[in-house]
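In what follows, chain A forms one complex with chain B and a second complex with chain C.
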Partner chain A sequence: MATTTAPPSVINAKLNGQDIQTKPGTLLINLTKELGIEVPAFCYYEGFSLQAACRMCLVQVNNSPKLLPGCTTIVTEGMVIETESPLVVEARKSMLEFLLVNHPLDCPVCDKGGECELQDMVFKYGAGESRFVDIKHHEPERPFSPVVYYDPARCILCYRCVRVCDEGYGVNALGVVNRGVLSEIAPNLGDQLNCDECGACIDICPVGALTSHTYRYKTRPWEMKHVGTTCAHCSNGCKTTLGVRNDEIMRANNRDASGLNEEFLCIKGRFGFDFNHHAERLQSPLMRVDGELQPVSWSKALAAVASKFNAVKSAGGKFGVVGSNHTSNEENYYLQKFARQGLGTNHLDHARTGDVVTLVDALSGKNGKLAVMADLYQTKAALVIGSDLAQQHPLLAYELRRNFRHHQARVYAMTPGPVREDSYAVAKARVPFGEELAALESWREALAKEPELLILFGDSIKGDAVRRLVDFGESLGIPVKYVALVDYANSRGAIDMGLVPELLPGYAASGQPGMTLPEMLADPKLDVLWVVGADPLAGAKLAGKPFVVVQDLFLTATAAAADVVFPAASAYEKKGTVTNVTGELQRLNAAVKTMGTKPDLEILGLLGKEMGLDLGIWIADAVLEEIRRNVRGYNVTMPILASGGAALTSPVNGRVNVASRPELIRSAGDTLFTSGTLTKYSQVLNSVPERPGQLYKPV
Partner chain B sequence: MSLSLSATTEARWQKILDAYPEGRKRSAVIPMLIFAQDETGIITRELMEEIARRAEVEYLQVEEVVGFYSMLRKQPLGKYHVQVCTNISCMLAGGMELWQHACQSLHLGNKQTSKDGLISIEEVECMGACSWAPAIEVNYDFHHHVTPARFDEIIAEIKGKG
Partner chain C sequence: MFNQPSPHEVKILTRRFGVENSFRIDVSLAHQGYEGLKKAIAMGADAVINEVKASALRGRGGAGFPTGMKWSFIPRTSPKPKYIVCNADESEPGTCKDRLLIQNDPHSLIEGIAIAGFTMNSNKGYIYVRGEYRYLISILETAIAEAYQHNFLGKNIQGTGWDFDLHVHSGAGAYECGEESALLNSLEGKRGTPRLKPPFPATHGLYQSPTLLNNVESFCAVTHIIRDGAAEFAKHGPEKSGGTRLMCISGHVQRPGVYELPLSTTLPFLINEVAGGLRPGRTLKAVQPGGSSSPILLPEECNVGLDFDSLAKAGTMAGSGGIVVLDDTADIVSYALRIIRFYQHESCGWCIPCREGTTWLKKILERLDRGEGSMKDVDLVGELAKNMFGRTFCALGDAAAWPTGSIVKKFRGEFETKLATYQAREISAELVTIG
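For the complex of A and B:
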C-alpha cells in the first residue's frame, strides 16, 4: 500500500532574519502584511485575481539571482525572504523610475494629489531623480462616459480598474489595448462606456488616471471633511463617506471599506448625492394664499397647520397620515406616535414594497431564519426569485458574485428575463411573475442536495405565496434563510416602525381599524392628508378635498397640491438611523445643511409642540433610546452603531396576527439609474446613456 | 452576417473551438484570428466581432489581443510579406544592411506595400532563427543566411510566381 504523507499544517520560513511560521498556501505579500512589514504594491488588490503587472512588490528569496514578485509567490518550507536588502531597495527605486518615465507629474492639479499611491511610494521609496531626458509620451485625457474620465498619461497599467469591473461588478467594460508605451485602458464601445457607471474603477485607481466628472478639478482632498453615513437611495444600505467642503458634498466613496458594503457603491451611492444640491430644493415653508403656494415663515406655517389639526381633531374629523420609505426610524416612530397618540387616528400607511410582514409571521418560532448581509457572501447556495439583483439590489448582487468567485457559491436564478447572475448560476429559469412557486418544484431535488440555502424574493411573492415559499424552503430538509426584498433606504424601517394601520412598532397588532393609503385617497370625507416624505399623488387623485400638508425636499406632485409644504432636510443632512433590506440598523450623519430646511423629526416635534401635545423630545438619539426600549428587536448594541457599524435588528419571533395586505405591496421597480422621486433631481442619473436600463414591471 | 470565410477556415475555427471546454473559449481567440488573417490578409472589425461572439468574450477582449500582437494586422499588407530581422544576432551577421538593402531595392519603408499589392516589408524582432542569421521570413517560409544577393533572388522568385 502506498503511504501518503499528510500535507504540512505549518510552513517555517525566515523573513528578514527572523524565523516565522505561517499557514500553507500563504502569499508572501499577505505574510508581510500580517507581520506589519510593508511590501509596496500597485497591482495586487485583495479579493481580485493576481496580476503581477507592476513589479513594485519584488523581494529577494533564497538569494535567487532574480527578484520575485511577492504578490504571486507562495511561502514554502525553508524559504529565506529579504524585503529590505540593498537589491530590493534598488529594484523598487528602479520600478518607480520606470513608472515616472512617461508620468506627467501634474500632481499640483491632479485630483489624486495628496491621496495618490504613486506619490506616496515615490515619497517613501525614492526615485527622486530621473535619468530619462527624452520627451514624455503623452496622450490627452478623454471622457469615457458622463461619469468616468480617463487620462492615459497618468495610468500605470495596474489593471485594477479592469479587474474590479470584470470580476467585481461582472460588467467587464474595460480593457487594455495596444502594447508597450502605447498601452492604455479602453472602454467597451471603442471610445465610450456602456456599463453600470458605478465609478468603482475611479476609486480603485491608485493614481489619477480615472477621475469622476462630478469631482474632477474641484477640490483638494485635504480641504474636505469626511462624514460617514448611509446611502440615501436603495434598501441595501451601503455605508458611504461623504467628502464635504463649504457645506457642499463633493464626492462619496467608501475607500476605508468600513461598512457592510466594504468598498462597494453603485452609481446612486457614489454619484447620486447630487440631488441634495439641486436648484429646486425647497428652502422655505409654503402656504396656499389665494390659491397660490407662497413662501411664509416657519412660525406662520406651523401655526396654521397646528390650528387646523387641532380644529379637525376636536371636531372628530378624519386624518390620513402617509409616511415614507426614506425617512429615518426615529422619524417614522415619532410620526406613528404623533398620528396615534397626538391625532388619535389609525389611518396611517406608506407605500409598501415587499412582504416582510408575512415572512416574519411564517417564520415565527424559528430562529436565525432572516439572512443578514454577511450571509450573501458566505452562503453555500442561493436562490434568487423574481428580481434582477444587479439592477435592483446592486450590493446583494455584488456580494453574491463575490461569494461565487471566492467560495464557488451555487446560485439558482428564477427571473422573468435574463439577469447578470445567469453567467455563473448553476441553474437559471425564465419564469413570469407569479408562476415561480409552481416552477420551483422542478428544482426541489437539486436544492435539497445543497448544504444550505439563502432565498431572496421580490414583490411577486407576497401574501400566501410567501407562506408557500417558506413551506417549500422548510420542506427541503436543509438550513434555509430568507430575504424579502424591499425598495428604499428605509422601507424595512417603515414597516418595522409600524407605519401601517394594522401594526404598531415591532410587529405588534394594533387591533384598531384604519384606512390604507389607497383608501385615504379614495375617501371623499377625508379632512386632512398629511404626507411626510412621499409622493402618493404622483399617479393618483384625491376623491375629497382634504387639507393637505406635505413635508418634502422638492415640490413633488403631492407638494404642489398641498395647502402647506414644509421644506425637509435630506438623509445627508440629519442624524438618525435606517434599517436595510437585511434588517441591519445603521446611522445617518449630518454632513451638510441646506438653508431653510429642517429634519422631518424636528418638523414633527415643532408641530406637536405648537399643537400643545406631549410626544416627547424630538432629538434623534433620544427617540432612538425610546425605540430601543419599546420596539421589539431594536434593542441593538449601541457601540456597534456608534462606531459606524451595522447592528442587527431581530423582528419579533412569534405570530404576527394581522393580514399582510398583499394587494397593497408593489415594488417601484427602480433600476441602477432610477431612485423613485429622487431620480428627477439627480443630474448624474439623468446624464448616463444607459438610462433607464432594463426594468421589470410587476403586473 | 455578411462575414464569409472559406470552408477550410471555418473547419480550422471549429476544430480549435472544440479543443477548449465551455466557458474557456477565450484561449481560441489568437488561433482564430491567425487562421482568418491567413485567408483574408486583414483583420476587420466585423471579423473581431464574429470571433468575440464565437469565443464568448467581449469585443474589447479581441481588440486587446489584436492591438498587442504586431503579427495581427488591421491594415492590409502584400500578398508576400517579407519580414527582415534586425535583432541582435541577425544584426551582428548583417541584418541591418540587409534591411537597408530591402528598403532601397524595393523602394518601400517599414510596413509599406508595393503598388501592385504583391510585396510588403517589415523590420521585425527575433524570430528564433539566430543560428542561421541573418534570417528573413516570407509569409510562413524561412530563409537562412540571407545576403543582399540572395535577397534579390528571393524577390525575383516571388515576382515570378506573381
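For the complex of A and C:
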C-alpha cells in the first residue's frame, strides 16, 4: 500500500469502548457533546477562548494515569478516550470538592439556585458529604454598577464573564485582581464598571457570583413562567425570554440561546423591559371633557371616536393617520387597511428611519441581495457606512465582531467619528455624513479584491445616494449584499406593511396621492389626526385643530394634546410579529397584561366594528394569514415562525416605482442607553452612569 | 558571596567569582570575557546548537530539559521576530544561585544571551528579573551598558551586521512568573498566569513569536561551553546530565552555601564533604534535594547521585538545585506547613485544584501543626495532595502536592506523635482547671 501525505479526512478513535469517527481537529469535549456524552465543564464555553482552568473536563486518554482536559485536547487517530473510568469519576468528584471549599452554600437564597451549573454538577458528580471543616474565605458582595452585582465568595473563577465582555462585546470591562484564593473579578474602574451595562456577564455566570440588580433576591427561577418574545427596542430583533411571576416581568435573558441572537442581548433587551411596569402606564381610555382629559369607559371612548370618524368620513373630511415603528406587522397591516378601505384616505405615514424603499427598488431584478442576520457572521468582508454599529445596532456589531474573531472577517468602517469596529477593522475612515460615496472610491480597489462584501448603511445614505451606492457595489464585480439600517423594533415592518402614502403592503405603488407626516401636521384643514403608537407632536406643532385620537402606552406629548386616548398594550403584552432590520419575521408573545389596556390590533378591530366597517377579524394569527397571502415576501414557513425562530423574508423584487422621499428619512440616533420615547419610562436605562451616551464617542 | 568556596568545587561558571570587580566588563574581558560570543560568531549558528547539544547541558531552571534540543526547536528562519528571554525569576525556596551569577558575573550571562541571540537570528532579548531582586537590576543595567559600549550588544555587533538589544524587566513578586508562559504573559504586561501549551514558547512565545527561554545558569553555562568546547563541560557529569551545577545547600549542615559541583557528585558527598556534614550529635532526618517542589528523601534514600536522572529514579527531582537538609531537631509537620504556606501564597488562582487545594491543605496543616485535628486530617492531606497532583493547569500545583504527599506518606509517625503529645497536654490542662 502506498502511503499518502494528505491529511486524513476522518479520525478514528475509541470513546468509552465504542469505535467512533470524527473530523480532524475536533476538540474532545465537542466530540462527546456531539455524541450525547456529557463531559462537565465550567470554563469551557463554545465560541470563546480556551482556559482549561476549571479542570472539570479531565478525561482519560490512552489509559494514561495523567488525565487530560477535554476542552483543549484534540482527538487524534487511534485515541482511546474514557470519560467515565473510575479515575475520571474520582477526579471530577475531587474537583467539585475543591470548588465547594470556599463556595458559600447559600443556595436557599442565591438567585442562581435551581439553575446553577455548580448545583447541577454537585448533584450529579459530587460527593454526598463535605470533608471541609475549616473557616471559608469570605468577601462581601458589592455592586459593580446599577445593574451588575458581584458576590466574590460565590465566584468559581471560570473567566466566562471576562471573556464575554472582552472577546464577545469588545468592551473588556472585567478583569481579575489579586491572586490565589483571593483572586476575584474586578471592574475596569476599580470599584465600578464603565461599560455597555449589557449584563452578559450575569447571564453567562455559571453560579450566582454576578447577579442582576433588577432581579436579585426577588424570586426563584422555578416560580416564573418563561415567555420567549422579541425585544421591543431596536431594529435588530433579538429574541428575549421574559421571566414572569404574578403578571410582572422579573427578568429578561436568552439563556437557551434560541433565536437569531443566540445569547446576545444588550442593556435594552436584558433590562429595558421595565417601562412595562412604569407607574405612568395608561390604564383607562381618556376623553377630553371640558378641556380636560378624563378617564372614561372603553365603550364610551370607542363610540365617541367611531361617531366622529363616521361623521368626518361622510362629510368627505380629511383624515391623517400616523403609524408606529413599534407596533406589530398585524397592527400595521390592519391600520393601513383601516385607513385605506375603512376611512378611504391615503394620508398615512410613520417616522421613517432608513431608506429601505430605494434599496429594494435599486436591487430590482437581482436575487439574494438583501442580507439576513446570519450573513453578518458568515460574510468574508463587510463595509459599515455611517452608523455607530455597536451602539445603534448592537447585535449586528456583535455578529460582525464574532465573525472577525472566528473567521477573520475583513471589516471596513466609514463613519463620521470613532466606532468600536475601528479596533479590528482592516480600514477605517472618518468621513462626514453625505460625503461617503465620494470617499468610497479610494477603497474601490481594496473592496474589489474581497471575495464578497456586505454593505451596511445608515440614514446618511438615502434616495439617490442608495442607488449610487448599489451601483458602486455592483460595479465591484463581487457578490455584494446590503442592509439598510433602520431604528426600531418594527421600523422595517412599517415600511413592508405600507405605512406610507406612496406604497401599499409589499412595496406595491399605491398610485394615490397622500400626505406625509409633516404635511399632515402642517395642514390647517386636517379634520382628524389618528396616531397609533407614535409621538409626532413631540417638538412639532399642529397647524390646524383636528380631532386627535391617540393609542399609546403613556401620556406622550401627542397623547396629552389628544381628544381621545386609548391605553395600548406593550409589545410584551400581545401576540403578533415584527420584522427586524435584516427582514426576519419573528413572534411577539404575550407575557403579561396591564389591566385596562388592549393591544392596538384589538383597539383597531373594536373601532372598525363600532364604525360598522368590515375589515376582517382582529386576531393576530388571522391577520398574519392575510399578510402571508397578500404581502410579497411574507409567505414564510409557519413551523419556523411557530417554533420561535426567525423566518426569512425573501427579498422583494420588481421596480417599486415611487420616490422614497429621502427628505423624510432620519434616524433618531439612539445610543445603547436610549430608546426613543421608551427611554423616559425605563428606570434602568435612566440609572446607569453611562447614560445617555454619545454616538461616535472618542475612546 | 555567601560562603567560602569548597576545595571540591569545579569552578567553571563561578570562575570569576572572588575576582575584584568581577562584574565590570574590563575585569571580565581580562578573564576571557566575550570570547565565547566571538567564537560563536565564527562557528555559525548550526555549529553552536550542535555544541550545546554535545555538552549535554540540561536546563537549570528546574525541569532539566536538554538545552540543545530546546535550541533546535526554535524556527530560526521564521519571518516573525525571534526573542531571547532569560528567566531570572529565581523564587524556589532553597535556591539562590542565579542572584550570585548576576551579582558576580553579569557579563557571562549577557554573553550567553548574546550567543543565543546570534544563533537564533534574534534582535531582541529580555532578562526577566524577580521582583525581589530589585538590587540586581542596576548591576545588570550597568553591565548591559558596558556591553553596548564594547559592541557586544547594539548595532552591527563585532562587524557581523547583526543587531541585538537586551532589556531588563522586573517582575512584581510572583513565584508563578517563573513558569515560562506566565513569565511571557507578565513580560507582555498581562496578568502572570500560565498559558495553554501547546503551542509552546519555542514557536508561539513572547508576542506569539518564536522565543528561546532559558534560566540564568543555563545561559551562563552556554558561555563557557562555547568558549571551552562541549567536551570540557560535559565531562563533569554523567552522560545525560553534563557539566557542573551551582548547588545551593541549606538547612542543618555546618557550611551551607552555594557550591559549583560536577553533576556526578552524590548527595552524601555534598552533605558530608562539601557542606561539612551535620552539626555534631545530630542525625539526618530528611533531605529535599531539588528545591521545595521536590519530594522528600528519607536518610536511607539519600545515597543517590545529584544528576537529573538519578534523582528522578529515586522518585524525586533535581529541580532548581536547592538542597534542604533536615536533622532530627526538625519538626516535619511545621516543615510541611512552611512549604504549603509558600505555595498557597504563590498560587496564581488560575485553576481550581491549585487555588483551592493549597488553601485547604494550609488550613489542615496549620491545625495539625498546632497539634489539633486527628489522624483523619493526616489522611485527608495525603488524599488532597493526590487529588491535586497531575490535575492542575501548570506545575505549581504539582510542586505543592508532590512534596506534601511524600511527607505525609513517609513521616506519618511524626504526625501521630505530634497529635498524641498535644492531646495529652490538653487533657491534663483541663483536669487542672476543673480541680
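Just so we're on the same page, the second predicted complex is superposed on the first by the 690 of 699 C-alpha atoms of A that agree within 3 Å, B and C clash if a C-alpha of one lies under 4 Å from a C-alpha of the other, contacts with A are read in each partner's own complex, and residues count from 1 in each chain.
To be clear about the criterion, contacts are C-beta pairs under 8 Å (C-beta built on N, C-alpha and C of every residue); 3 or more make two chains touch, one makes a residue touch a chain.
Note that this is a predicted model, so its numbers are computed, not measured.
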Inset, instruction - Report the partner of chain A that touches more of its residues: chain B or chain C. - result: C
Inset, instruction - Could you say whether A:Ala568 touches chain B, chain C, both of them, or neither, answering first, second, both or neither? - result: neither
Inset, instruction - Using the touch definition from the top, say if A:Val176 reaches chain B (first), chain C (second), both or neither. - result: both
Inset, instruction - Considering only touches as defined above, state whether A:His137 meets chain B (first), chain C (second), both or neither. - result: second
Inset, instruction - Based on the superposed arrangement, let me know which partner A:Asn188 touches: chain B (first), chain C (second), both, or neither? - result: first
Legend entry - Contact residues common to both interfaces of chain A (with chain B and with chain C): 175-176, 178-179
Inset, instruction - Would you tell me which residues of chain C are touching chain A in their complex? - result: 174, 176, 191, 196, 344-353, 355-360, 363-364, 367, 380, 384, 387, 390-393
Legend entry - Of chain A, residues touching chain B in the complex: 172-179, 186-188
Legend entry - List of chain B residues in touch with chain A within their complex: 58-61, 63-64, 67-70
Legend entry - Residue numbers on chain A that touch chain C, as the complex places them: 50-56, 58, 65-67, 72, 91, 94-95, 97-99, 101-102, 131-132, 134-135, 137, 156-157, 175-176, 178-183
